[in-house]
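Quick heads-up: structures coming right below.
Look at the two complexes coming up: chain A is in both, with chain B in one and chain C in the other.
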Partner chain A sequence: MTGTERRGDVALHEVTKRFGPTLAVDRVSLTIPHASYCCLLGPSGCGKTTILRMIAGHEEPSSGRILIGGQDVAGLVPAQRGTALMFQSYALFPHLSVRDNVAFNLRMRGVPREQRHREADRMLELVRMTAFADRMPAQLSGGQQQRVALARALITNPRVLLLDEPLSALDEFLRLQMRSELKRLQTDLGITFVHVTHTQPEAIALADLVVVMNQGIIEQAASAREVYARPRSPYVARFLGGQNVIMGKVRDQDGRHALLDGPGGALFRVPLHERRPRPGEPVWFAVRRDLIHLARAGAGAVTAENSLEGLVEAVEYQGSFVKVTLATATGEEFLVNEPEAAFFASPVARGDRALASWQPDQVHLLEPDRAGAGGSPSLTAAA
Partner chain B sequence: MTVGPQGRRPLSFWILTAVFVLFVLFLYGPMSAIYILSFQGPTGGLTFPMRGVSLHWFGALFGQQRTGDFSGSFARSIILALIVMALTLVISLAAGLAFRQRFRGATLIFYAAIASLVMPGLFVGLGIALVCQVLGITPRWWLTGLGAHLTWTLPFGLLIMFAVFNRFDRSYEEAARDLGASDRQVLTAVILPILAPGLIAVALFGFTLSYDEVARSTLTVGARNTMPLEIYAMTNNVTSPALFALGTVTTAISFLAIAVALLTIARITRRRGTGPVRAADPAGAPS
Partner chain C sequence: MRRLVPYLQVAPLATVLLLFLVIPVGMILVVSFWSYDQFDIYPDFILDNYRYIFTSPVTFSIYLKTIYYAVVTWAITLVLGFTISYYLVFHVRNLLWQIGLFLLCTVPFWTSNIIRMISWIPFLGREGIFNQALLATGLASAPLEFLLFSDFAVILAYVHLFTLFMIVPIFNAMARISPTVIEAAVDGGAKPWQVVLHVVLPLSKTGVALGSIFVVALVMGDFFVVRTMSGGQSGSVASALNNEIGLLQYPTAAAGAVVLLVIVTLMVAAILRIVDVRRELAA
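Our next item is the complex of A and B:
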């Protein structure tokens, strides 16, 4: 039984990929459990697509091993791996009808025409494209093309479906619709999906396992809730958004808490858990935007612990909450998502000075980034 | 189109129109004279006026007479053009596929192949003839003539294949491989059908360039002329409208080749729905 339960496992051991002098993937190890939905998340050039293509067999690792269902797939051609790749451009064959596109794999395997058309029609039904079976790809919209590409990949009966930026070519409405449809399909089929994306909401909405990548390495691989609420490093916190990343230098620590010197004379008290930083060591931590208390700063207000004073730069009404942007001494934008009612009870406006404060137990301690410089503020892509 | 405030066209419009009309007249006027005169009556001569209208001179072409070896040269030209077409197609496709990989000397080979486009054709022919003389090979249309034609058609074929592959998305190949296609199936089931319009264009070039080649042929076809050379010879000694009839026939064949090629390409693009938009029935019943 364990054999069949693990047939869709994907395991990477110390996988490295070089393109000439460029290191695209740097000793990545990762285990994607059978029948899970995994998202590889990161900015363009972080190596996520290269990993997908190596699993698919369109690239060979420079070193390291890839196992699918416990079997080393080195040297196996794509079709022998039990994977199917859905291309970002869909790559539907322009000279074949929708039905013939879907039936392509069966035709290559020599399945008789009638049988392969029957199978193709069954797949088209699964993706609700029956009415378009006789059309040519050029006559379909982007969303329809994607469904056909999906049916064409699924007809191979893969253990692992690999999706390269599947939603990036669609408009906002279709993207949300297809997103839930992908999740439905994955649950219904009970196979492993590996989905490459640079869009944070897509990853956390879909994935059982979110793999956050940066410069060819994995910053964090965990559940969606874990990477969002408990990011491992400043990079993850910034990329996933929803957090303010703050740095302070250790002034003092008592084994349970540390007192940090922040920018502009601010003082932060953070819970240490297992960490024992030395005095003077820089420590990063994150505070969720929605767990911050915002108050109008009084004249000559004494700056308390765990607070930052700043100038209100922007106020955006978002419906259920109000997003306030502060310019503080950290040098980075400081964002507060205040519940609508709380905001309008004592509103602030652009140009006001405001005080943002939080409870020490709502602070989440971060480890340094694995790749690149520790606290580069240029990585706020998904803010 | 720019139209003046009172609906009057600017002067530039009339100048450009005049240039265009002159161009068209220059292009088609002399040709038309030849086509018209080829229908000259049996008693007519090489110049206007027409003395009646007939197909007499077309008949004279195929009859055994002083007009030279028309049927023979025509057959040779068609056979040679077909062989050149097939070889150009196969070699250009193979070269196009090869040049997608970066290999040592790729640039050098490319320029070496293209250089024969700019070399004067007459001297290419002369060179081939000289070398053959040294090697003791008798020039023949299907041997040295074929080689000479390929020096002309292959660079064209290669350039077209470059343009074709430039627009070819390699993810089609990867998708095919992902879906279980072998190398051979990738070629036959995906690359060739997708590239079909470009391949037809290469074939068309191969055929027409060979069919009316003169410069490289004169010294390389040997004792038996291809048709353009036969026509050239005829202009010196034939003094009847049969010459014009020959011009009309050969032009018609060129146009036929082009029409067949273009219609085939149009058919392919229409089938793929990439051509002019046509309404497709969304509820089309599966056949």
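Our next item is the complex of A and C:
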């Protein structure tokens, strides 16, 4: 790789940020490759926005280094970093027209009026806002203001575009439309996008690299498919959704599989790979909602391995599948997404007892959470 | 009955304005056309009072002096008001400190106007504290004469009295600027001075306009400060009116008041023409 190809690399080395006694970001290390779409995902207060603001240069890290394109950016103002930040509230200049808002950076650099207006109009065309060039920000809708903010950020010709919850203020329809437009822009421009969000579908739809954060640290940084299908910890599995997180205590293990005692007398057999847990040790694992077999339960206790019995609490038809919520002995909601045809072949209804079972090779073993205690309070992400 | 409610709601303010603004101004306007002699004033309709004002060479010089005071005071209070507000809003982030420092700005107003004026005299006089300090430290070999009973003293007192009227509205306007807008400007490559020039200043325009109206109107209408601080050596439009009242020349004074009112109204209108306060406040 030559230098120019790596100019949009963003690297964080042991970055820590304190606000008084509060630790917002705790020794985070992360490398975001050039021209990739990276989503920082986590609940509010997890430190994702602080990381974004430190990359942008609006906050300085308490310790640690930030490199953009291999260059240490400590002490540099945003313009020198080659970053542009799109604010969550858009932060358009209320006293300037749309065109002048977009041309702001060029005006600061002393570009002649005619040239900067030409450039601004070109940017407005890119975000399809040409017709609104002479309006004032107060006369625009939220979605339109956002496009202007995007054009204003892009006119600086940044190597890294930073987006702070860019879609959270939009309604559902606009959100989906803007989401695909962001992805298109990122691909067309070939620059690095770092996008902060608390919405899981947004992150996995957009990102090449999903960074799941919790309490100032990174729980997992991997591709969208990896974090979704192979979450590292119970926190990631719960936050990304699509998985049921179950805990059992090791009864026995033979080096390839472990036998776990689950709640309510359930017994789970899980593949171990490299892990060698001691007997009595708690082990978390995840099973995907769509890889579970659901059957009406007969009377009597559960005897089969890798199954849980529960009371059907809700049945939701979702089109291609049916979402069944079970109350089981795990104490957490247990969700099954059964294909439509399979469900209606032997349907269950609210109040029925049902047996959920899965194959041992479909179990994904989890490591304990990095932040706080393992199996921290359940965070139910959007299903 | 229901239709009367809005009228009842505006009635108190309308009454106050009628009694204390419309009727007095109307009376001044009427009296300005009356005639007078040494002993009394007589209802009449003559233009002599106005003719006197517009033909007297004193009028021109006195207006020039007053406008000079107004412009210099306005310029100084504007710079002070803008910088102090900027400091309070953008550097003192802590609300408690902001309130504390703001109260500090109002300290001069805890005493009466007259005491504030008079206390300058022992400070600035020929044998005053300031001159003695200069002599004692060897910074000056002779007492500075221009400190008291001079234009300098008049403008100093105006600035002392009226800076707060500039600070309050500008502070108000600046406090409404969203911090993210400032950050957006920095992100857009603006240097600190460019942020002030291209973002803070335009967004503080309303406050600047309101403060300017206060200061200009107050200086244009003052006679007490100019009399005290110039030691009677200088005059303003209002102090000339005051003299005329002292000589019982009410109709001339009334005509002078009408002319002053028209001129101040024109100045305010000019300020409002530059800054559309109503639109800015609505936004």
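Before moving on, here are some points about what is shown:
In this section, the second predicted complex is superposed on the first by the 376 of 383 C-alpha atoms of A that agree within 3 Å, B and C clash if a C-alpha of one lies under 4 Å from a C-alpha of the other, contacts with A are read in each partner's own complex, and residues count from 1 in each chain.
Just so it is clear, contacts are C-beta pairs under 8 Å (C-beta built on N, C-alpha and C of every residue); 3 or more make two chains touch, one makes a residue touch a chain.
Note that the structure is a prediction, hence the values are computed from the model and not measured.
With chain A as the common reference, the superposed partners chain B and chain C clash. Of the two partner chains, chain B is the only one touched by A:F132; chain C is not.
Using the contact criterion defined above for the overlaid structures, shared-chain residue A:V227 touches neither chain B nor chain C, since it reaches no partner. In the superposed model, A:D121 makes contact with chain B only, not with chain C. When the two structures are aligned on the shared chain, A:V28 is found in touch with neither chain B nor chain C. By the touch criterion defined above, A:F93 reaches both chain B and chain C. Of the two partner chains, neither chain B nor chain C is touched by A:A203.
Taking chain A as the reference, the larger set of touched residues comes from B, when chain B and chain C are compared.
The intersection of chain A residues touching chain B with those touching chain C, taken from the two complexes, comprises 56, 58, 77-79, 83-85, 87, 89, 91, 93-95, 104-105, 107-109, 138, 152-153, 156. Within the complex, the chain B residues that touch chain A are 169, 171-172, 174-182, 185, 189-190, 193-194, 196, 268, 271-274, 280, 282-284, 286-287. Taken in their complex, chain C has these residues touching chain A: 178, 180-181, 183-191, 194, 198-199, 202-203, 283.
For chain A in complex with chain C, the touching residues are 56, 58, 77-79, 83-85, 87, 89, 91-95, 104-105, 107-109, 138, 152-153, 156.
Taken together, the chain A residues at the contact with chain B in this complex read 56-58, 77-79, 83-85, 87-89, 91, 93-95, 99, 104-105, 107-109, 121, 130-139, 152-153, 156.
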